[in-house]
Structures are given as structure tokens and as C-alpha cells.
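Labels run A, B, C and D following the written order; every chain starts at residue 1.
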Amino acid sequence: MLAVAFQGPQQVEVVEKPEPELLAPDDAIVRISATGVCGSDLHIYHGRVQIEPGFTIGHEYVGEVVAAGDAVTGVAVGDRVLGTFQVACGTCWFCRRSEYHKCDVGRTFGHGAGLGSLQGTQAELALVPHANLTLRRVPDGLGDDVALFAGDVMGTGYHAVVDGGVRPGDSVAVLGLGPVGLCAVQVALLSGAARVIAVDAVEQRLAVARAYGAEAVHLTEQDPRGVVKALTGGRGVDVAIEAVGDPRALDMAIRMARKAGTVSVIGVYAERVDVHMGLAWIKSLRITGGQANVIAHLDPVLELLGSGRLDPTALVTHHMPLTKASEAYELYDRREALKIVLTP
Amino acid sequence: MLAVAFQGPQQVEVVEKPEPELLAPDDAIVRISATGVCGSDLHIYHGRVQIEPGFTIGHEYVGEVVAAGDAVTGVAVGDRVLGTFQVACGTCWFCRRSEYHKCDVGRTFGHGAGLGSLQGTQAELALVPHANLTLRRVPDGLGDDVALFAGDVMGTGYHAVVDGGVRPGDSVAVLGLGPVGLCAVQVALLSGAARVIAVDAVEQRLAVARAYGAEAVHLTEQDPRGVVKALTGGRGVDVAIEAVGDPRALDMAIRMARKAGTVSVIGVYAERVDVHMGLAWIKSLRITGGQANVIAHLDPVLELLGSGRLDPTALVTHHMPLTKASEAYELYDRREALKIVLTP
Amino acid sequence: MLAVAFQGPQQVEVVEKPEPELLAPDDAIVRISATGVCGSDLHIYHGRVQIEPGFTIGHEYVGEVVAAGDAVTGVAVGDRVLGTFQVACGTCWFCRRSEYHKCDVGRTFGHGAGLGSLQGTQAELALVPHANLTLRRVPDGLGDDVALFAGDVMGTGYHAVVDGGVRPGDSVAVLGLGPVGLCAVQVALLSGAARVIAVDAVEQRLAVARAYGAEAVHLTEQDPRGVVKALTGGRGVDVAIEAVGDPRALDMAIRMARKAGTVSVIGVYAERVDVHMGLAWIKSLRITGGQANVIAHLDPVLELLGSGRLDPTALVTHHMPLTKASEAYELYDRREALKIVLTP
Amino acid sequence: MLAVAFQGPQQVEVVEKPEPELLAPDDAIVRISATGVCGSDLHIYHGRVQIEPGFTIGHEYVGEVVAAGDAVTGVAVGDRVLGTFQVACGTCWFCRRSEYHKCDVGRTFGHGAGLGSLQGTQAELALVPHANLTLRRVPDGLGDDVALFAGDVMGTGYHAVVDGGVRPGDSVAVLGLGPVGLCAVQVALLSGAARVIAVDAVEQRLAVARAYGAEAVHLTEQDPRGVVKALTGGRGVDVAIEAVGDPRALDMAIRMARKAGTVSVIGVYAERVDVHMGLAWIKSLRITGGQANVIAHLDPVLELLGSGRLDPTALVTHHMPLTKASEAYELYDRREALKIVLTP
């Protein structure tokens, strides 16, 4: 089968690989019909997240079950399914309290030996462990472009909002309008935010946020903190979502949040950074977030995508065949796309 | 001044009364510009809730502050304000934990000596105790018809949903589509319900729910439980809101709720009733609700009305001058109106 | 092997049965070292809960794993283990949100075809499905008498308190001091209740509650509601736990709870009963409880038993050999025991 | 009257001042019978927190009401009372949601113009604004030494634990065993922690924690992280409480917390510091805390002190007359005391 393999920094290649085989009774094999390119793939592409050359990448996927072990009861051969970017065992201490993202034996698709040696989904076929938890049938009428958001990007946006404790009537700021930030904008509005202030420096992204119903604010050409003050009676937002992963964004989030408010950090951090703990302390802020628990969120997210209340269609800017993966990564690297969908 | 006085069952009268005077440093006097007729007024009208003849009724109101005691800091003379149907002291054991609806010295407008001897708001002027907690400035651009929902009907709908624990992606049923039920439908959708199933026997009310985005189901001509099953994969709704106050509705709510789900009882009960505790027990249901904490909900509700995310305009079916209060009550008693607004 | 079989009302018998065999890859077989007689066994004994003659009863157990399927990873052959009274699949819609007590394919030990045809644990050997979720290693130093409370009675007491939302500083009433009620007393005190008022009509049980640190109140010889009022400044308790399963106890709980408080119903209901919804409504009570989610509670309960912070030893009043099961049931039926432990 | 005035760094003096007078209808005047010296007083003493020379310091107090305005209903002249270190209005946006610590017009005793120009309580008399929220009657039988913990140190320990979300069965670490840390140890155990690991470098403080029931671990002579690992099966604690206010302690807390756990930061921060956000992110930690909401916690804390379930007596190491304030500060500055009580 064909698969997109990481070969080295800035270098991915479509290669021929042997087809996967069932290894455990709760494994399934999925024939991929659509697979996305994600911001985390770019970290691998740049060599910041290091994986073995030759490893198949990708972790957003929709497809059809073509084989399933004896213990697979949630889906069946022939089902059109979607899945999560991570897999979890379902029975360890963390899974028993639904903290699936911290499963003792969790693995992530397409992230090499460091995250469990689970070959990625940018391929014609993918082996899916713990299929009962990982896979769900695609609701009737839901296209591939929408379905592949459920198990990663939209689940992360949902995490930012729900874990951040947004309540109906709240004011919310979202800093950074990549796919995750834009999903967070959607979920915040869906969750009853009275207003969502969406900040970025890219006009195209601001336009999407505005179309969703947010108050879009240009990071440098406008005054984001001034807008927040004006719209919240000087008080600040109830929840500030940091969807960038940059200390400047975190600082802005801490300043934008009202006293006794929440900063939800969904942007990726890997390092030590300078944080204004003094400000966080005197404001009695709550800082939540981190890696999202998309397996736990998958059911409600699917209900919302299936009923049409969430719709990330506008985020899909490019479709390309899997065989053009190399071009896709170059294009994505130039920040010309929000979401690229590859079709094998 | 003119005021609507209860005189006896089925008998209200517009009478001349002396103007109210400030009694405490945190009192305010409001010149009423609009005041609603509510389902609870009808309980008084029917004599079920007993109050003294001659007592002024009414508890939904918008108006202008014309006098304020020295300790009133939240609003000022000249402000256009709205208020809540109840007043609370702000410092007793219950108020200290924001359970304002259970204030040790709480009083309700227009409900006679039993609820604190606080003259009602269907009058040209009303004395408003504890004005700092009770009153808020009307947000710019908000009309009287919308503003008078904040302190009673919409706050109660908000309570049904938020106290019921609705989360984004949930399925919700609302049983009973009077003004409170219809507000609950709006708030449930606003809060991210994937679907809201709205049940009533009056086609006009079903039409409003449908327009809001709910799946409207006729109580007797359709099969509400069947619809719930079909739309929830046989599982039942996450939250069933009982907005009638009738044991048959409660029974249906208990049956419609999924296992480990919630029944939110916002419909008024005054008696012992037969409840299928066996079913509630084996399903491990949570039963919440009761009289709503509208003072606590007033800020978020106002944010949502002010930003246009909630809009009860469709519920106002009639405007009448205060002097026609008697006709208004007769009309409301015939169930020909959803909400009647009286203007002094 | 020997097993205690229900033969008909008031009639249990120790019979010889074939040894169980592994049927699924996540099954285990446990050689029972101790198994309890529980109030729910008595419902079967009396014929109220109907099961097939010849079915093995019992659902509280400690023992040693003697066989385990390939997919069993949480425990191993040779491990000393305890388990829960219910088993759950771990991957269905309910299990995915840790609502294991409502598992779509859940089964209960020793309750006949109605609850999943899972032979009971009052036997020399028991087949345990879904062993990864159902079984845990017994913490070092923990005796059988303590360990067998983890998966049923103590887990239910924990549910009553935690699901009831008890917070440090709360006042709590526990109505009914059978084993579950007494466990709830322990957990409420452990959870930081400022005071626990424990009500029953049996002096021996009151003595146990008193020894735990509760204010013990005789149901008929004292005035439970008066005591609650005196100890809570007239306000009522924050959480009233109904551990009887009787409408009179439920009524007392509703009256004892403070306004905006909680009634946690852990006593078993199977029928329609008369409930003072009027009182519950005007007090804005929250009614929680129902069948307990002991699988979800098993980890914290084990931490507390293992660290000695919870200790139900005082509840074990009798030890008898499994072969004397018939006498044990007669004795339990005469209410002469709190907990009888049978040893095969 | 006599009062302890800050005169300059390392310099406090007992001076004669005019007696306070009632200024607002909800003011009270309290004749102080006991007032504590607190860690925050030391910040002033050192000049780190800057206040005006001559300003009266102190914010922990017990005494008798000797005058009260017309609007004071919660306490009366002659009552023995305790109070909180902060005062709040009870009606602003923050107070309306019980976030009293963030009151729009909040003031702190003894912290100069920067925190509201409210003269301190290390004096013979103190003016107490918003007395209905600020003061409570001392429960019968409660000594001054215990009562003065309610409104500051114990309320802060309570905040650390309850805001940190400790649940029965959790493992908790407390880093830093000053008075607040030791109160947090007590509250964590009271709240049902299965184990509390208490870390400090001062043997006397470790001994107090050990006496409370904690596992006491010397910061440098033992291996705190190793102990946490050993006691939690390698997993880390559910809640790590940082009661120092030092980035090294914060770092240790982040490392000690289990994945998806909580870090509760109650130690004071005023600056930017280096935080390992990468670790916090990949562990999906929740960081809570900041300045405590002691007004909201006052009722439950008083219930617990009054019922004897919390008892900080062991923390009071010194009693001195108010006139010896200068010696008291010198002694406290040498870290020879945990809590010094001054008596006017």
C-alpha cells in the first residue's frame, strides 16, 4: 500500500509499504478515504518533534473498516468510520476515570517510537488498536471533510471551551485562529458565549471567525486588549483561550482574563517560559488546558457535527491526492492553507 | 398613582393608591414603563395562591429610577432599569453563597403577606428594596418587551438549563411550552444542545419552538417518547426539563431521561404527588430545579439579551394599557396570550 | 465445586456445581476466600427479586485469581483480588463517560437472568467477566473482611456522599444505619462534614455511628428533626442521605434538608411512591442518588481502605463457613447481623 | 487608643491614635481582644509591600462590637466577633457571584492606600466596613486563638484544598509548612485525602504536620519526589499545593502532580517567573489558586472550627501584649514563631 513517510526535515515521501495486519483481538484495519494534514504534522516535518525516518505520519482520518478482531464490538467490517488521533486502553487507572488522553499505554498515530510506535494514517490502510474506543461510525450524511475533524481538531477546540468552563452568557477571547482556534471560536459560540473576541494577524482567518459570529480583532492593527475592555465593561473576559502556544499569547491571555477568570491553554508548549505568575496570583486565575482529551469528547462532538450545529467545512481550504503529499506539506509550510485533506 | 389590585378570585381592578416612599437606605422607587402578566399572577387571580384583597399584584417590570436611598450605588435616579421578581438582602447565610432565591428575608413582589408584603409592579410606581441587588441598568438598545423577561421568565428558563447541567452536545427535552418552557428551549439551544425536543399540545407554541430550532412534537397527536428514542439512538435525553408542574409531565420526563441523566423540574409544584421513584432509582437520575435563582442568573441573562443571543420578542403577543388590566387577565385566563405587556 | 443456590423463597442450599471456565479473553476465574451476605441477597431470599431456582447467589467477594484470559492485563494468576458487584464492558456509550453502573451490557453477580445471568460469588469459584475493570489487587495488609466492602457496600456509601456533593464544613444527615448507611456516615465524616446526624431505631447501629463520630439520634425515642434544627441553627442539613428506601424516610430527608440543599437517595426503590414535590420545589432541592457507580468509585475507595482512613471492620458481626449458608440467611433474615462473611 | 504603626522598614511602633468612628450605616467598631501577626505583615515590615509611615497594620482579629451602624443586622453591639482580612461590598458584579476576594471596591486591613486605606487591626479598636459580610459571631466555646484563624490563615488553607478540587481518596502534597501550609494539611486530611505528603526544611513544622496525620518529608534530607512516587504507585499526587510562593516550589509541584492533576498555588507571587509550561501542557495540568476568597469560605470554616474538626491551636507559638509589638515583629522576622497573638 502507499503511505506518506517522514524521511528527514522538510522531506516527506509517498512510499510503498506492506499492508498492516491485525495484531490484537480489539484491533481493526481501516481503508482510509480521507486524511488531514495538521499543525502537529508540521512539527515533525520541521524536525522539532523527532521521529524515525521511514515512519508513516498523519493522525486525522476517515475510512472503511476492512478487518476487525474478535473483540471489536463497536464497529464492524464495512462500516464507514472516523477515529481519534490517540488510542487508549480503556481499563487503566486513567482510562477508568475517562482521562483517556493520559492512558498508561496510550499511543498516538504517526508520531514514531516516542509516542508508541503507531504508524500514521496518511496511507491507504491503517491499523487501529483498541478500536472500540478509537473508532465511531460516521453519522449518516456527514462528509469526510467534516468527519475527520471529530477526532482531533474539533475535539481540541471543544476541550478548550468545555475544560475552560465557558458558561452561557460568558465573554470569551480566542487568541490564535488556526484550525484549533477557529474550532474553539465555533464551540464557544455554540456553548452560549454572549460574545467571542477572536484575535489573529491573518485577515483570512479573521474573516472566518467573523463569519462564525465572533468579534474579529487584528492583533497588531487593532488593540485587542482595548476591544476586550470596551466589550466587557472594563472587566475582561471570563475565559481567555490561548490557541497559539507562545508566551506572548499566554501573557495577553492572562491580561485579558477578568479577575477570578480562566485561561485555557490549548496551544502547544514544550519548554519553560516566562509567566507573569504575580498577575495570575493577584487575579486568582485558573489556568487549564494542555493536551486535549478527544476520546472523551468524541461522542458530544459527533452529536454536534451530525446535527449540523458545528460545521468546520470552511476550514478545509485544499484537497489533494495522497500521492501529492510532498507538495501538500510544502504548501502547508508556507501557511497558505488552513486544512489540507489528502485522499488516497 | 394607579395600581392593579387583586380584589378576589377572577377579579382585579385598577385603583388609585398613594405613591410609595423610600423606607430604607438601599430602597429605590421606579416609575414603571412596562410590566408583564405572568403565569404566577394567574394563580393569584384564580385564588389558588391567596393574598389580601386590595394588594397590588405583578412582578415583571421595567422603568426609570425616580428616587434612591443613600446606600444605592448600583443604579441612579434617571437610570432606565429592570428588576427581578424577588428581592434578597445580600448578606444572610444563603445570600453569602449566592443562593439569593432562598434569602432569609427574601420577599416577592405582588404576592401578599405570605411572601413578604411587597406591593406589586403592575402600577405606575413601585418601591424596590435592596436596589443594588434587585435592579440593573437596561443595556443600550434593549426594548422594554425584552428587558422585562430578564428578571423572571428568562431567568427561570436559564435556571432550568444551567441548573440542569446541559452541556454542549447534549440532547434535551422540554415538556410544556408556556413562556418559561419556550425560554428554556432558547437557552438549551444557546447552551449547545445538539437537539431540543419541545413538547406541547398547542400548535401555536410548537410553532414558536420550531422557529427557535427545536424539534417540535405534539403531545397527543404525535408520540413524544417515540421521537425521543428515535433521535437519541434509543437512549433518552441527557436532560429532561419539566416546565408544566404536573405529575404526568414529571412522569414523562423521568421516562424520557437517559440512564444517569437529569430531570430539571421548573414547573411549579405545591403538593404531594405520585412519583415513580423506582424508575428514577434504577436509572440513577438526578432531579434538580425548583424555584429559580433569578438574581444569580441576572448578569449572564442580561449579557445574552443585550448581545441579542437570546430574544424572547416572539413571546410577547399582546400590549395593553395598565388601565385595561381587568381585560388583560380575562384574556390571559382564556389562554389566548403567551405574554401580555401592560403599559401605565 | 460448592455454591449457594437459591431454591425458592426462604430457601437457599449449598450444592455441588461444575467449575466455571473462561469464556472470553478478558475473563478471569477467582477462587473465593470470603464472600458477604448483603441486603440485596435478602430481597432474593424473600422472593421479591425473582431469580431462577438453582442460580448461585452472592456478589461481594475476595479471592485469588486461578485463571485469566489473554486480554487480562490488570491482574494475574496468583493475585489476591477483590471485585465489584457489577461488571461493565468499558467501551459502550455509558462506560466511555465512566457511568459504568449504566453499561449497555452490564451484568450483576447472583441476580439471575434479569440482570445478565451471571452466577454469584457465594461459591468456591467464580467466573469474572471484564476482569480488567472488575477486579483489583487487594492492597498489602488489607484483610478479607475489609476488602470485600470495596466493591459494593462502601462504594455505595461513597456514592451517597460524593454524588450528594458533600463539601468540607457541611452538615449531613444519614437516615437508616444498615451497612450502607453506616458506610455513608463514615464517608461523610471522612469528607469533612462538620457534623453527621445519624438516625435509626436500632440502638446497636446507633452505637456504631456514635463510635464513628456521628451525632446518633433514635428515630422514635428522640426527635430527629428537632435535633437537626438545633444543630444547624434552624436551617437544616446541607445533604440528607436516605439509606432506607422508604417513602417515610424520603419525606423526612426532604424536610431535614436545608433550602437549596441536596437529598441523596441511596436506599432502594422499586415502585411509585408519594413524594412531597411541593416542598422539594419551594426549597429548590436537588435529589440525587439511585443505584451506585461502584466501578467508578473503586479506586478512591481502595485508597481509603488501604490507607486505613475508612475501616468497616465494625460492621462484620458474623463469620460462618460457606456450608452454613442456609443458617446464615436465616440469621440475617432475623436482623441479628450487620454483615455476615462466608468462607468457602 | 493604642495602635501598631508601620514607621519604616524593620520598624514598627505602638502609638496613640484617635478612636475610630462609624462612617457608613453598615460599619461596626470592634474592640480588639486578640490580633495575629501574619506572613503578609512581614512583607510590609521588610518594605517589600510599601505602605505609608504611620499606617496601622494587622488584619487578623477577634473582639467585641462596641458600635454598629443602622444597617448592621448580622451582629450587634456586645457580640464577640471575628472577621476577615478583606472587606467586600456584597453587591458588585463580583460579589453577586460570591467572588468576594475580587470585589470592585474591596479593601484590605492594614495595607495602606494601595489596598483601600483601611487602618489595621493591631490596635485597641478597629473600624470594620461592610460588617454584615465581614464579621461573624464567635461560636460558643471557641477561644480567641482559634477564632482569629477563621478570617485569614485557615480560610486560605481551605481555599487551597477546596479550590484545588481535592476529593475523598485523593493523594495530596503540600509544599511549604508555614501557617497556611499547615492549615492546608489539616483541611486536606479533613477533606478525605487518603494521604497528605507535607514537605518543608524545618523539623518543627514537619513535626506538626506529622502530628496532624501527614507523611512529613524533609525537603533536602529526604527525597520528596521519590516519596511521592513510592506512595502513589509512581503516578504522582492528584493535587499538589504550592504554599511557598517560590518558582522552585512551583516547579516541584508541577513535577509531583499526576497527569491530569491539579497544582493549587496559594503561596504569594508578585513577579514574572520561569514556569515549565511544557510539562504542565503535556500533563494537562490545571493550575488554580491565587489570593483566597476567605469571605466565601468563612461559614464552612467556622462550622469546622466550631465543631472542633479543624483546630489550629498547635500553630500559636507565642502570646505577647500589643505593647510589645516591636519585639514580636523582630521575633517573627527571625522565624522563631509560627503564629504570634497580640493582646491589647
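Observations
Criterion: contacts are C-beta pairs under 8 Å (C-beta built on N, C-alpha and C of every residue); 3 or more make two chains touch, one makes a residue touch a chain.
Because the structure is a prediction, the values reported are computed rather than measured.
Listed by label, the chains that touch chain B and also chain D are A, C.
Comparing chain pairs A-C and A-D by the number of C-beta pairs in contact, the larger count belongs to A-D. Computed from the mean C-alpha positions, the centre of chain A lies at a distance of 41 Å from the centre of chain D.
Chain A has residues 93, 299 in contact with two or more other chains. Taken in their complex, chain C has these residues touching chain A: 25-26, 70-71, 73-74, 89-93, 95-98, 132-133, 295-296, 298-299. Contact residues of chain A toward chain D in the complex are 93-94, 99, 101-102, 235, 247, 250, 259-260, 265, 268-278, 280-293. The touching residues of chain B, when paired with chain A in their complex, are 158, 161-162, 167-171, 187, 190-192, 194-195, 299-301, 303-304, 306-307, 309.
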